[in-house]
Amino acid sequence: METDDLARIIDDYSDVTVTTVCSHSSLQIFHGAKKEGLKTLGIAVNRPPKFYDAFPLGKPDEFILLDSYAELMGLKDELLARNSVIVPHGSFVEYLGADKVVELDVPIFGNRGVLAWESDRKKQREWLESAGIKMPTLIEDPTKIDRPVLVKYQGAKGGRGFFIAKNYDDFEQGLDPTQEYNIQEYVTGTRYYLHYFYSPIQEEGYQLSKGTLQMLSMDRRDETNIDEMYKLGSQEELKRLGIYASFVVTGNVPIVIRESLLPKVLKMGEDVVEKSIELFGGLWGPFCLETIVTDQLEFVVFEISARIVAGTNPFIGGSAYSEMIEPNLSTGVRIGQEIKMARDTGRLGDILS
Amino acid sequence: METDDLARIIDDYSDVTVTTVCSHSSLQIFHGAKKEGLKTLGIAVNRPPKFYDAFPLGKPDEFILLDSYAELMGLKDELLARNSVIVPHGSFVEYLGADKVVELDVPIFGNRGVLAWESDRKKQREWLESAGIKMPTLIEDPTKIDRPVLVKYQGAKGGRGFFIAKNYDDFEQGLDPTQEYNIQEYVTGTRYYLHYFYSPIQEEGYQLSKGTLQMLSMDRRDETNIDEMYKLGSQEELKRLGIYASFVVTGNVPIVIRESLLPKVLKMGEDVVEKSIELFGGLWGPFCLETIVTDQLEFVVFEISARIVAGTNPFIGGSAYSEMIEPNLSTGVRIGQEIKMARDTGRLGDILS
Amino acid sequence: METDDLARIIDDYSDVTVTTVCSHSSLQIFHGAKKEGLKTLGIAVNRPPKFYDAFPLGKPDEFILLDSYAELMGLKDELLARNSVIVPHGSFVEYLGADKVVELDVPIFGNRGVLAWESDRKKQREWLESAGIKMPTLIEDPTKIDRPVLVKYQGAKGGRGFFIAKNYDDFEQGLDPTQEYNIQEYVTGTRYYLHYFYSPIQEEGYQLSKGTLQMLSMDRRDETNIDEMYKLGSQEELKRLGIYASFVVTGNVPIVIRESLLPKVLKMGEDVVEKSIELFGGLWGPFCLETIVTDQLEFVVFEISARIVAGTNPFIGGSAYSEMIEPNLSTGVRIGQEIKMARDTGRLGDILS
């Protein structure tokens, strides 16, 4: 949205209503907003989702019902009338499409300018590598596969559309030639999904050039069937039985990292934010670096998510890290605090786009 | 127990004493009851178990000591005199035997009528499948094994007495022909153990036909040696070394599921409860569906536990889910609340059997 | 330190300052000390570590900066002037060296006499086995390897310097003959890292001959690349691709153990402490038994850590176990409580050395 348009809209807002699509991490977002005393609005398809009734503190005050998420683009006036601030999450972006999110003329928490850099694998790599982040080596020519690789189809979502190849033969046999793909080195190590929060308006804490950075929690994604298929046999044997590895995210497990890696964790977050300011005006609110730690204790980052990730959901009551900021602080609560602080100090323009 | 007998007993109760056998999830049950201000009584063999001294908030107020659990049946008068409400758990049922539990003339929290449906694999399957739950395919004829299967001996407990077979040869070699068994498809995916609570007396929340349903937490069972044996080599290789997979539960790991699966999670719980009302008068209190999520994001339920499971033990201080109901709510605390609420409103008859 | 010297030093202390090296579990130690109202001091190299700014409740009040950890030995006067009590952790011992820790003339929380028994594998085994603890069988003669074994190099740190051998050939091929090693049976099962706290001054709780024992939490160590390498293929296959198993600790996952094993958990802790009193005057404060639970539900202990372990870091906000002692009790808070209680009752001499 143009800065002027945004300023005019915010100016008209008498209050704010935290608004999101009823999926992904919406319980946490609503829970956090309600805890901070903000109004909440859920966007759902067909009927009000009944599952919220089981979690009263995470249930939005009101719902808007659509026939399909495509209708979301037509909600502009209603959302503005309700003083909506949209808190985007992965399913919101997926359902609506990155292009449409950019066009939606309703204030969004965070910088929608990040989408162009995040949704294009090449630009994402350019951003992260220029920030000094190590990523898995790309292999341009499949005949040059000289080590285990992960073949990712373009637009693979939620962990679908990957396969492992250990040589060119595997690649040839596994490939669906109708799809675009990229090939990257398979890095062995342990996975840590690091949940940061960058605030351009908070003054105390871990200082960046124009704001402060927090580390709120960490998780490991749980993926079906790769995570438990080893119990049945080795991948080689299972392939012969017609059972193939898949990488569909089903949940999240809490984890902490060894303390001696924390300086590096914070520094990576810092470098990614500073570079984002340089490249496209910044990355505010929650984001996640998805990393592998090798046995040389090096981080390899295979992806960035520039908004709240579902991996924060184990920590709705707080994490070992957030406990050292404020007891029971979740990413959802932190979002609520940020919006409230911006509202109360007239700085909504600094955290919305 | 006959409804009249139960009514008479409850009528004589001047208060209630939460009573259970000193194992399994007893710390959590006592912790929850004490937190709610209820009296607590532990049943132990030989001497008062010293380990409670390390957990003062989970230590029962008093103990009854037996020479063996077989004596439990003779405790009727003492337990009635103490206004006992027995909160059953897996070890209680295992030590006493399902038949004896049904006969014990002391009020039990939950419906003891569920035992007949739960302890018989065929009736359990009838119940769940008629509720629309998908279960692993049964293979009646071992010569028809055409995919990996799990062979379960009758009465396998705590994860002992399973083996994996990938074809008829495996089956023949692995089978102990002196035991009864059943053969079911080995479903690959990630395991989620879903901890529900159904209350026939609570009015607010996720409504069923006659009460409300909650989702309090989720865990994944940790099983020796299957969970870590892969570190030594593939199962095929280890078999050649004389090391076989076993499935003995040793503990529990906290987990959360992706939010888009929660409507289905709640719906499964709902359907299982509604069917239980139809079949045998209902299933009150905590219960657990033990599921596998496939890479089609479908749930396959391999078992139901119709009472508190040990998988709730990681959440004695609360879970990410219960946090959205009430901070620090464990299944143990929820049981305490239910009993207290029933006592205070004269509805003990609705939650005991 | 000589008892007289210690007594004189403590006598001069007007207060205490909880002091440790800025790594490992220092956030937790400072967080706990601050929560209990104690002063805190961090020892760092070069410059104040910025990462503490992200965790204000875990940030020490002040720093002492060194050019290298070797300079720590020269800090005696400054530390005494600041009334320092050093809370040692694994990195503190590693950076300074066990010998130097013993010589450092500044009060240390816990018994530094334990180091001689812990840092020598033979004495450690003598201590634990004489306490009745089962450890993995040692194999003295490599040509006698008749089962899978773990070959550990002397002084292996943080999980580096292990390899698995399944027979003498593996051993010969894997061995770096320039290093000292020992060979022990590879025990299959699930790993539980048990976090105890023994207090010689607390009176209520699980009683030992001269104090009380607590069980504060449990974790499982997360090790790169062994924990996730199975996703790429079996170890045998990966070896052919030049990818070898490594065991470098990168983090920790929370876990709970089945309740029926808790009596044994407490008893093992009790036996280890009682034997330590007999052998070298005791083991105070936090310690950890690193165990494998076999499918016979037997514990095999492969190591003891005689101080706070990083595995307690997931529980900075409390654990399912500590919740039954006091809400939000971490090992760091418990250390703070112990030091405060000793200070306030004039018993610092009983918990320092």
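In this document, chain identifiers A, B and C correspond to the written order of the chains, with residue numbering beginning at 1 in each.
The criterion applied here is as follows: a contact is a pair of C-beta atoms (placed from the backbone, for glycine too) under 8 Å apart; a residue touches a chain by one contact, two chains touch by 3 or more.
Fair warning: this is a prediction, and the values are worked out from it, not measured in the lab.
Novice: Give a one-word verdict, same or different, on whether chain A and chain B use largely identical residue numbers at their interface, taking over half shared as same.
Specialist: Looking at both copies, the contact residues mostly diverge.
Novice: Hey, what angle do you get rotating chain A onto chain C on C-alpha, to the nearest 5 degrees?
Specialist: In short, 120 degrees.
Novice: Using mean CA coordinates as chain centres, what's the gap between chain A and chain B in Å?
Specialist: 35
Novice: Which chain B residues touch at least two other chains?
Specialist: Residues 227, 230, 234, 253-254 of chain B each touch two or more of the other chains.
Novice: Show me the residue ranges of chain C that touch chain B in the complex, using the header's touch definition.
Specialist: Where chain C meets chain B, its residues are 147-148, 164, 166, 186, 188-192, 204-207, 213-215, 218, 220, 226-227, 230, 234-236, 245, 253-263, 265-266, 293-295, 297, 318-321, 323-327.
Novice: Could you pull out which chain A residues touch chain B in their complex?
Specialist: Those in contact with chain B are residues 23-27, 31, 49-51, 53-58, 91, 160, 222-225, 227-234, 237, 241, 243, 246, 248-254, 310, 313-317, 328.
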